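Here chain A shows up in two complexes: once beside chain B, once beside chain C.
What follows is the complex of A and B.
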């Protein structure tokens, strides 16, 4: 390193320092920069598959729903006399309202479809197996809450389809044994559908259920990062976030943990 | 980002001047935006520049000189002022041998316990607010349907009325009404009505009359002025009732004849008040034997659509929510 740096190199060095300075400032006080880097620049198996982007696609679809939903809530009025008219207003008069409403309406189906595709990928890759069972369970809860979003959102336009679909949907819940009638009456906010049903569905749709989904997505991703993603089942490579040199005995005990044994080979030699 | 040594921000006094500048701008906005605020702006700019110069000293490669600590550092446990942050032992003494409930355990338990109590105090009313109103204080309805004389004997009407005008159109309901003529009840002649709710006993869709409107008999729609607002009566000639949702079919007494419904259609209780027909609450029906005024109705407490009221399936619904 005895060579003198050229002027251009010095300038480049200065620029980098200037960019890094605020980042260093933030990192030193919060550790956030390292955290984000840890989160985004993970090691994944070299032969990950395009199908493994379906989870991120689902996440994107959810974020689209969250953002367009917040904007729709600025114009939507959840009362029996105004709901339908306010939806008409959003569609026909508010600038680009048709677009945002369309994104939210079609995006709802996209979100659900992507969840199923992601779930199918996880199933077909066998990625739900040890030690990722808990993430499958969290995924099932996410699926359920995603469907609850669909159910509660469907009533909000308050047209004939919305109304009767919700009547049937609520009564369907009501036929569940033992607690069904109680659940139905809770959802309906009484014995009959009323304005309270609409505001209740609205509150569930925009506050309670999305909050639950966000919390569960946090847990879901925490586990994805902690456990690493699995290689495709046809992989010949060792999978896992890090390649540790383990003693043969440890690998034999838990072949699935970080280094699944290639198919066709015995797990630990002698059992 | 890798180096482990602790950085101290370069010392600077200039934020003080910067803050004064901002304050002068704000005061100026009220007193004299042109002059005082300009002076404030100038102060802010100058001190802002000085502050940035100090703060970026490290970036520009100046050595940062921090005045060293010159006060006496007191040894831990030496008595007087207390240990420095770096020195010193545990915050709490270790439990003595044989001590089973040390102070730290007590504090831990009381923090958790108190937190739990506060959490409970908040949760109980909130959860009650969310859940109980669906079950308590359900309103009874009384719907004035107009004079009995306006209902032609033996004629079916599709009646549309409002059970609770304060709620608006969402409280609008429909029933099929037939005047069965009068019936001898313990020696007196009483008007008899069949009043069938249009709520399907499968999942609650609006059941329709299977048959032409009363126009083929030359009958016209009529509107009654009831206490709950207008009641429209559309004459109809049904051969039965049918549901548009999943094809449930019923006869004119509301008995299920085909499709997924699990029982007969619900009916409205009614009374005659001063010669006027008054609708009361609904009740559920397993099935009806006979017809019109002579019908024997197998009556049950009102339950939701899709719930069985008789047969072994009723055991699935042992306790129903309170009902008006």
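What follows is the complex of A and C.
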């Protein structure tokens, strides 16, 4: 027989329903709440370490680039006559403009360094091996697209360094066999570097390449969540290792979230 | 399970699949949830990343703040901007952002025209293909680095060569017009340049040529550009030299050299005369 609820309990129940209503509404129509819950509470090996934060650190650096890039785009003018002056304006006059531009410029270097460090970590851990080969390939594509962002962004301030580095950079692309001349022509948008080159680089830099990077990051993360992250290979309790030593009694006595439980012991519960 | 497997050695793919199934099982039984454990580490690391970026931006700004603020002032991390782009400029040093220095320096090793292709396309393409292919030729299941000697040695070599190339690219000497012009009298005496070739020699020193070409040991060798000490011995002709300066890639398909048409006909003729008169040390 159902217990009678006190008036206070009924009120609490109604409050909870009211607060949860938007989430329930969203979950019923999209399943997104369940997705986020799965993402947050999925299990990762108990021995993951600090080196494995390099991937999310790279994502953070990319987000910094995206946010500061959007703000810069509000003030930057991609024409040969205005580009340089608008960069001066952002740096010297716009409120906090120097900070946003500085973060974008130096964030690019941090982003590239973190991509390399993250790749080094994956290599060190042998984490590119079955079944994660595809995610390694996507990662290398992200690395090259990140470098493309560096190349196309370098021209935009339209100062001497920018201009001549790009002249030579485009000419170097042109030395490739077969596609080279076509590629150089495409990048320059004609025979000479001109205003069309600047708008083309701007479009590549803020639409095409970042769009591709975002799509690939989505795929990259999907595969990370689907396949899981690897244990450090030297770990005594590495997930999936045949060489796992059964944890000593002292460890097993304190099963829990931070203390991994030995394989096959009852703490898992269901079996 | 499968009947035919019997006494045979298990296929590598079956071993890999079994290993991954074991991994899934272990994580399920002994893992910890991403939130809050791993996510805590990720959050701390992200805060560090953002702080470092903000700090770099501040150092860039505050150390380049000259008494009368000027964005071209050289701070600890370089100027905020250099002079406005000028396609008709006389002197420039092409330099990419630092993370391209390893490619930039690779082009000092390979010279135009025989092997520059290796520096611009050959080596980088092969390196990229080798990088993408790592999981497809490294098929062993072993993940501990000490038991992967080839991978360990390869990684150390790659890191070392990237570091050395980046360092060499960063410290590569740049030929500044003001310093190069001092060598012109030396050129004239060593190469016994006739008087009509001397205006061209001065122009050569200040027009940025020595940013990529060397001449009697002066200048820096970049982007695979050849040494021009004895270019005149090839007897290419003044008209060829003028055409080449106007549009290098029209004459030498694929040449990465910028066009110098903006120097004007008179100065191009002077440069061409100088180049044709350069027959090496006499």
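Everything that follows uses one rule, which is that the second predicted complex is superposed on the first by the 218 of 271 C-alpha atoms of A that agree within 3 Å, B and C clash if a C-alpha of one lies under 4 Å from a C-alpha of the other, contacts with A are read in each partner's own complex, and residues count from 1 in each chain.
The definition used in the following text is that a contact is a pair of C-beta atoms (placed from the backbone, for glycine too) under 8 Å apart; a residue touches a chain by one contact, two chains touch by 3 or more.
Predicted, not measured: the structure shown is a model, and the values here were computed from it.
Because the two structures share chain A, they can be overlaid on it, and in that overlay chain B clashes with chain C. In the superposition on chain A, A:62 contacts neither chain B nor chain C. Within the superposed three-chain model, A:33 lies in touch with chain B and out of touch with chain C [touch as defined at top].
Contact with both chain B and chain C is seen for A:177 once the two complexes are overlaid on the shared chain.
Once the two complexes are laid over each other on the shared chain, residue contacts for A:43 go to chain C alone; chain B is not touched. Look at A:98: by the touch rule set out above, it reaches chain C but stays clear of chain B. By the touch criterion defined above, A:81 lies against chain B but remains apart from chain C after alignment on the C-alpha atoms of chain A.
Between chain B and chain C, C contacts the larger number of chain A residues. Once the two complexes are laid over each other on the shared chain, residue contacts for A:202 go to neither chain B nor chain C. In the superposed pair of complexes, A:167 makes contact with chain B and with chain C alike. The superposed model puts chain C in the path of chain B at one of 171-179, 225-233 or 315-323, which is 171-179.
Touching of chain A by both chain B and chain C, each in its own complex, is seen for residues 80, 164, 167-168, 171-172, 174-175, 177, 180-181, 192-193.
Within the complex formed with chain C, the chain A residues making contact are 39-46, 48, 50, 52-54, 56-57, 60-61, 64, 80, 84, 87-88, 91-92, 98-99, 101-103, 105-110, 112-114, 120, 123-133, 136-137, 140, 144, 147, 150-151, 154, 157-165, 167-169, 171-172, 174-177, 180-181, 192-193, 228-230, 233-234, 237, 239-242, 244, 257-258, 260-264, 267-268. Across the interface of their complex, chain A is touched by residues 1, 7, 56, 59, 131, 133-135, 138, 163, 167-171, 203-206, 245, 303-307, 316-318, 320-321, 323-324 of chain B.
Per the touch definition, chain C reaches chain A in the complex via residues 16, 19-20, 22-35, 37-39, 41-42, 44-46, 48-50, 52-54, 56-58, 60-61, 69, 71, 77, 80-87, 89, 92-100, 107, 116-117, 120-121, 128, 131-132, 134-136, 138-145, 148, 151, 155, 159, 223, 249, 253-259. Contacts from chain A toward chain B in the complex involve residues 17-18, 20-21, 23-24, 27-28, 33-34, 80-81, 164, 167-168, 170-172, 174-175, 177-178, 180-182, 184-186, 188-196.
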